[in-house]
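What follows is chain A paired twice: with chain B in the first complex and chain C in the second.
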Partner chain A sequence: MNLTESALGLAVGVAALAALAVAALPGRWRPACAGAGTALAGAAGVAAGVAALTGRPFSLSLPGLLPLSGLEFGADRLSGFFIAVTGAVAVPAGVYATGYLRHSGTSRSACAFLPLFAASMLLVPAAAWAVTLLACWELMALTSLLQVLAEHRRRPEVAEAGRWYAVMTHLGFACILAALMLAGGGSLLAVRHLPAGLAGTVFVLALAGFGSKAGIVPLHAWLPRAHPEAPSHVSALMSAAMVNLGVYGIIRTGFGLLGGGARWWWLLVLALGAVSAVYGILQAAMSSDLKRLLGYSTTENMGLVLVGLGAAGLFAGTGHRVLAGLALTAALLHVAGHAAFKTLLFLSAGAVAQRAGTRDLDALGGLRGGMPATTAAFAWGALAASALPPGTAFVSEWLLLQALIHGLPGGGTAAAVVLPTAVAAVALTAGLSAATFVKAFGTGFLARPRSDGAARAAEAPGSMLAGMALAGAACAVLALVPGAVLPALARAAAMTAGPAVAGLVTLRLSGAAGELSPLLLALAVLAVTLVAAGWLRVLPGRRARRAARLWDCGAGPLTARMEYTATAFAEPLQRVFDDVLAPETGIDVTHLDEARYLVAAVEYRRRVPDRVERRLYQPALAAVRAWGEAGRRLAPGSVHRYLGYGFYAVVALLIVLTVTR
Partner chain B sequence: MLNLWRKIRAHGRVAEPPVGGRGYPLVPGLRGSVQVRHVDAGSCGGCEVEIGAAFGPVYDAERYGARLVASPRHADALLVTGVVTRNMSEPLRRTYDAVPAPKLVVAVGDCARDCGVFKGAYGVAGAVGDVLPVDAEVAGCPPRPEAIVAAVRGLTGR
Partner chain C sequence: MTRLGIAGGIIQVVVITGGAPLLAGVMRQVRARLEGRAGPGIGQPWRDLRKLLRKEPVTPAGTSELFRIAPLVLLATTVTVAGVAPFVTDTSAVGPAADLFAVAALLAMGTATLALAAIDTGTAFGGMGASREMTIMALAEPTLLVAVFALSVRAGSTSLAAVVTATLRDPARVLSPAGLLAAAALALVTVAETGRLPVDNPATHLELTMVHEAMILEYAGPDLALVELASSMRLAVFLGVLATLFTPWGIATTAAPLALAAGTAAFAAKVGLLGAALAAGEVFMAKLRLFRVPELLAGSFLLALLAVTASYFLAV
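For the complex of A and B:
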């Protein structure tokens, strides 16, 4: 029994014990127990993941546990990476949950299933056989669904979000089931040689199933609904850890199980990734619900990861294994970075939602005074998410762009068309994400409070801040010294492609020209900021100074109504992307009865609905409904008729059997 | 590029010196260039029309080094028109506060000088001189653009 195996066993054991303890304990102890269980399971998961990532694979067979097939576990470096990331998200989320759950008074079942949810996510990448994967996947889906529904008594929207999530996740499950059965079931760690057509079908089904979990457009509809409505530590677990498992599934089936495959697969992945990235961040930029914004940003980041995967597949197909390794390493680093900053962002957004009583950016503002630590946490997360140095996403997106640009010469016609477009999409996404997070931070946390709740908001308790601090530290490590984790990631990627990046302080691309030193860059930014601040302090010091009132046009004090709202901030972007977003606006002018020339009131409405949802899902839902209505006529409630149906069905079956025999 | 910078440094400000024929500028620190903020403290609108004419293409007060700006924070001088109404007296005081020193106040029109036709009317707090220290005055109801230009030249000294 090696370290990986025992640590993973420990994680599952701790989670199960914590769940049992929560079920038995009185209400006062439940939050602490559930949170501690989750955090400890996460810590054990990190240990297991790191052990597997640094080259201690394991395999474990439990034949008696599940009838017919048993359970088979095993982990290589790639699984180890995803186990480690999941565990690393679970630790801060668990610590945070001890404080959060105490103040939101969640039910016994919601507390009890929290550690189980974390443990099931740790098991998914460790599943070595198809049936084991499906079992763990379903366990993860069910426990996460229970978590999403945790606050359904207080908010009716939660039930609707839960319905969307339940349906979408099970459709995804059906796709994965079909894909794995078509591929012949059995071990996931061995390459299967299938005929091209069948392999293509398997891949597309797996892409649909796993992609829906990763929130890829057009299968993302559940994500911006379910992630905001869940309690915030669950949002963090789902948005930072669970979506990654969709990526894991795509890598495992595409590179591992099917061993590479045709070029069109990866072009499809790349195109879906680019569309998701741009569409996700556009919707995030339009969103004025803080957590919904973060949910859409998850779609964006998973899109970027898929761009990396698609590029890796393309390069591997044309024999450029070094570049393929670079693209895959960039994708994995982005997975890790996204996990870190999205955990931080969701945890701080949760503190805001709990303390200010609203997630609406148009009603927030002025939190800097009441919640300084949370504000700092969100600011650091926003910087990490916006692909600007010294942020976390900057390093991985830089690597991704390097891979795409260097891949141009050797890729053939398709690559010559697709890669520049992908570069443009990544660049556009980076710019829009900066605007989005400026909006979220600027209107949500700075300026004056726009509502009583925001004005009264007090700082979150220590345990919640500790959770944010852990996630923030992870962001800092990945942003400043990515060289510490990159070799391990490169080796995990090399399992399927080739080694790519080297260097601890300065990252050097092997096989392509390119160098970056995030630490030195951060120091330079810091130095310039300090010099500028010092200069501004010294410069006016020599002249006489006079304190004057803030210029407010001479009128009374400035009010919160005069501030830029989130909606107003996003309006120029909405105009630019009018054709894509198709916003709905309406103006109603009411006149006075006495004279048509006098206006009594003007009402302006604006909504930016999710266009994919409107065009794709609503017709499908309408069709399903129509079908159901039509089916109703067959079941009018008469017992005789039902007996008749049974009789005719048996007769028809007999006839069919006689004829075909 | 460096050469250009060096030239800019060596030459400093290149403008015609204040000629002094119209008297030196009221504040030596302004050196022939005055940024002007116009404040309507309760005018009938007539003085505004004339100020517009004075800074328009016909009279072109800008050629004497004066320029209308959009905020008191950018200004060296206030051009105040009209009687100071009760509602505008506090904003006027705040506007004056917002102008960085050294600063000048010009009362334009008879209303601004001594309440003009509105003297004793309801809602009038007084002339500009009752609220702020006035440095120059322009008479007339409304004053002619030439008079406004002359006052502006008094400020810039050009």
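For the complex of A and C:
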């Protein structure tokens, strides 16, 4: 029994014990027990993942646990990476939950299933056989569904989000089941050689199933509903850890199980990724619900990861193995970075939602006064998410852009068309994400409070802040010294090529020219800031600071209602992307009865519905409903007619038998 | 880190910090003369800065530390770029920081910080300026990065120094279709990112049209001096990047004092000429409506995309 195996076993054992303890203990102890169980299971998961990532694979067969097939576990470096990321998300989420659950009045079952949810996510990448994967996948879906529904008594929207999630996750499950059955089941760690047509079908089905879990457009519809409605530590687990398993599934089937594949597979992945990235961040830019914004940003980031996967597949297919390794490494680094900053952002957004009583950015503002630590946490997360230096996403997007750029020479005409478009999509995503997070942080935390709840919000308790601090530290490591983790990631990506990046402080691409030192950049900016600040202090004739009124155009003090809201901030972008977003606006002008020329009231409405949902899902749902209505006409409640159905069915069966036998 | 690079870095920081207000002065003077005015002389921006630095610092009611740190961050990002980019010498002081993507991202970081400070004031002007600035920045980003892509194709790297060296070795590439298209695209991005006509009018305080000025409306005294200095340095840095990418001639390739002096003079001349040309062009232009700016940026994006395509198809 090696380290990987025992640590993973420990994680599952701790989670199961914690779940039992929560079920047995009185209400006072439940939050601490559930949170600690999740955090410990996560820590054990990190140990298991790091062990597998650094070259201690394991395999374990438990034939008795599941009838007919048994359970088969095993982990290589790639599995190890995803186990480690999942565990690393579970630790801060668990620590945070000890404080969050105390103030939210979550039910016994929701608390009990929290550690089990974390453990089931750790098991998915460790599944070595198709049936084991499906069992763990379903366990993860069910435990996460229970977590989404945790607050359904207080908010009616939760039930609807849960329904969307339940349906979408099971459709995804059906796709994965079909894909793995067509591939012949059995071990996931061995390459299968299938005929081209069948392999293509398997890949597309797997892409649909795993892609829906990763929130890829157009299968994302559940994500911006379910992730915001869950309690915030669950949002973090889902948005930072669970979506990654969709990526894991695509890598495992595409590169592992099917061993590469045709060029159109990866062009499809790249196109889906680019569309998801741009569409996700556009919707995030429009959203004024803080957690919904973060949910859409998850779609965006998974899109960027898919761009990396698609590029890796393309390069591997044309024999550029080093570049393929670089693209896949960039994608994996983005997975890790996204896990870190999305955990941080959801945890701090959850603290805001709990303390200010609202997630609506148009009603928030001024939180920096009452919640300084949470504000700092969100600011650090927003910087990490917006691809600006010294942020986490900046490094991974830089690597991704390097991979895309170096693929042009010798890539053929397809590359000459696809790669510039992909670079443009990544660039637009980066620009829009900067605008989105300036909006989220600026209107949510700075300026003046726009509601009483925001004005009265007090700082979150220590346990919640500790969770944020852990996630923030992970962001800092990935942003400043990514060289500490990159070699391990590059080896995890080795199913396509050898290590593509080297160096601790300065990242150097191997096989292509390019170097970047995020740490030096950050230090340079910091040093100049300090020098400039010091210079201002020693300036001759320096006088004391004086407070002054804001410029109010001479019209008296400004009120909070005169501030720019998040909706107003996003309005120029809404106008620019009018054709894509198709916003719905309406103006009602009511006139005075006495005179038509005098206006009594003006009402302005504006909604930006998810256009994919509006154009794709609603017609489908309407069609299903219409078929259901039509079906009801067959069953009017008359016994004669039911007897008739039976009679005609038997006759038809007999005729068929006579003809065929 | 070579001796040449470090010497260049120090010279660049000094020249750009000292010369950027003069560049602004030259541009205003060119504009004034073309409009038939006498103009205040090219030293006026420096006199303004001196006046502002002597005033008492003012904190608008209800603003936080971020509001006071933002000018410093804006200045720091600009100075960092001024220090690491190969303007005067053909090697960078800090090679791993002189990547074109990193430079673009650093400058964007400064913009985003100033936008946050504008929102922090809680006034309608601040929010409006921030919203417009971030919109323009987001839309300029694709042009910028795709143009960088086009430039990096033949150099095989996105390092500024590598692109400059490759251009020095093969000067004809500047006049290739890819080079010309990329230059046009980057020039439009420069206009948008530095808030010049026709995207933003630096001389207006009309609320309908302000972008950059709306963001910094609440700044006064030394804080405003920092913002003004950083803004003019940003313009100098953007023009410097354009100059060094497309006309790197005269750049110092050895650390001899004469070569360094020639490099400095060439850099100052190039940036001064570009600035004067920009100012002369502005005289004949009106500001675009805000919602026509995306069309301009879409046009520049098309140029950048064509540049990449040309660099691939016309290179073989």
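We take it that the second predicted complex is superposed on the first by the 616 of 661 C-alpha atoms of A that agree within 3 Å, B and C clash if a C-alpha of one lies under 4 Å from a C-alpha of the other, contacts with A are read in each partner's own complex, and residues count from 1 in each chain.
Heads up, the rule we're going with is that a contact is a pair of C-beta atoms (placed from the backbone, for glycine too) under 8 Å apart; a residue touches a chain by one contact, two chains touch by 3 or more.
Computed from a prediction, not measured in an experiment: that's the story for all the values here.
**Student:** Return first, second, both or neither, reflecting whether A:Trp551 touches chain B, chain C, both chains, or no partner chain.
**Tutor:** both
**Student:** According to the stated criteria, A:Val659 is in contact with first (chain B), second (chain C), both, or neither; which is it?
**Tutor:** After superposing on A, A:Val659 lies clear of both chain B and chain C.
**Student:** Looking at chain A, does chain B or chain C touch a larger number of its residues?
**Tutor:** Answer, by number of touched residues of chain A: C.
**Student:** Applying the document's definition of touch, where does A:Leu634 land relative to chain B and chain C: first, second, both, or neither?
**Tutor:** neither
**Student:** Figure out whether A:Leu401 sits in contact with chain B (first) or chain C (second), or with both, or with neither.
**Tutor:** second
**Student:** Of the two partner chains, chain B (first) and chain C (second), which one does A:Ala601 touch, if any: first, second, both, or neither?
**Tutor:** Neither: A:Ala601 stays clear of chain B and chain C.
**Student:** Counting only touches as set out at the top, which of chain B and chain C does A:Leu521 meet: first, second, both, neither?
**Tutor:** second
**Student:** Taking the superposition on A as described, I'd like to know which of chain B and chain C A:Pro572 touches: first, second, both or neither.
**Tutor:** So A:Pro572 only meets chain C here.
**Student:** Which residues form the common part of the chain A surface touched by chain B and by chain C?
**Tutor:** The answer is residues 546, 548-549, 551 of chain A.
**Student:** Which of the residues in chain A end up touching chain B in this complex?
**Tutor:** 546, 548-549, 551, 553-555
**Student:** Would you mind writing out the residues of chain A in touch with chain C in their complex?
**Tutor:** 365-366, 368-369, 386-389, 394, 398, 401-402, 404-406, 408-409, 416, 420, 423-424, 426-428, 430-432, 434-435, 438-439, 441-443, 446-448, 506-507, 512-517, 520-521, 524-526, 528-529, 532-533, 536, 539, 541, 543-552, 558, 560, 562-564, 568-573, 575-576
**Student:** Which part of chain B faces chain A closely enough to touch in the complex?
**Tutor:** 71-73, 90-92, 94-95, 97-98, 101
**Student:** Over in the complex, which chain C residues touch chain A? Could you list them?
**Tutor:** By the definition above, chain C touches chain A via 53-62, 64, 66, 69, 72-73, 75-77, 79-80, 83-84, 94-97, 99, 101-102, 105-106, 108-109, 112, 115-116, 119-128, 130-132, 134-135, 137-142, 144-146, 149, 152-153, 156-159, 162, 217-218, 220, 222, 226, 290-291, 294, 301, 305, 308-309, 312-313.
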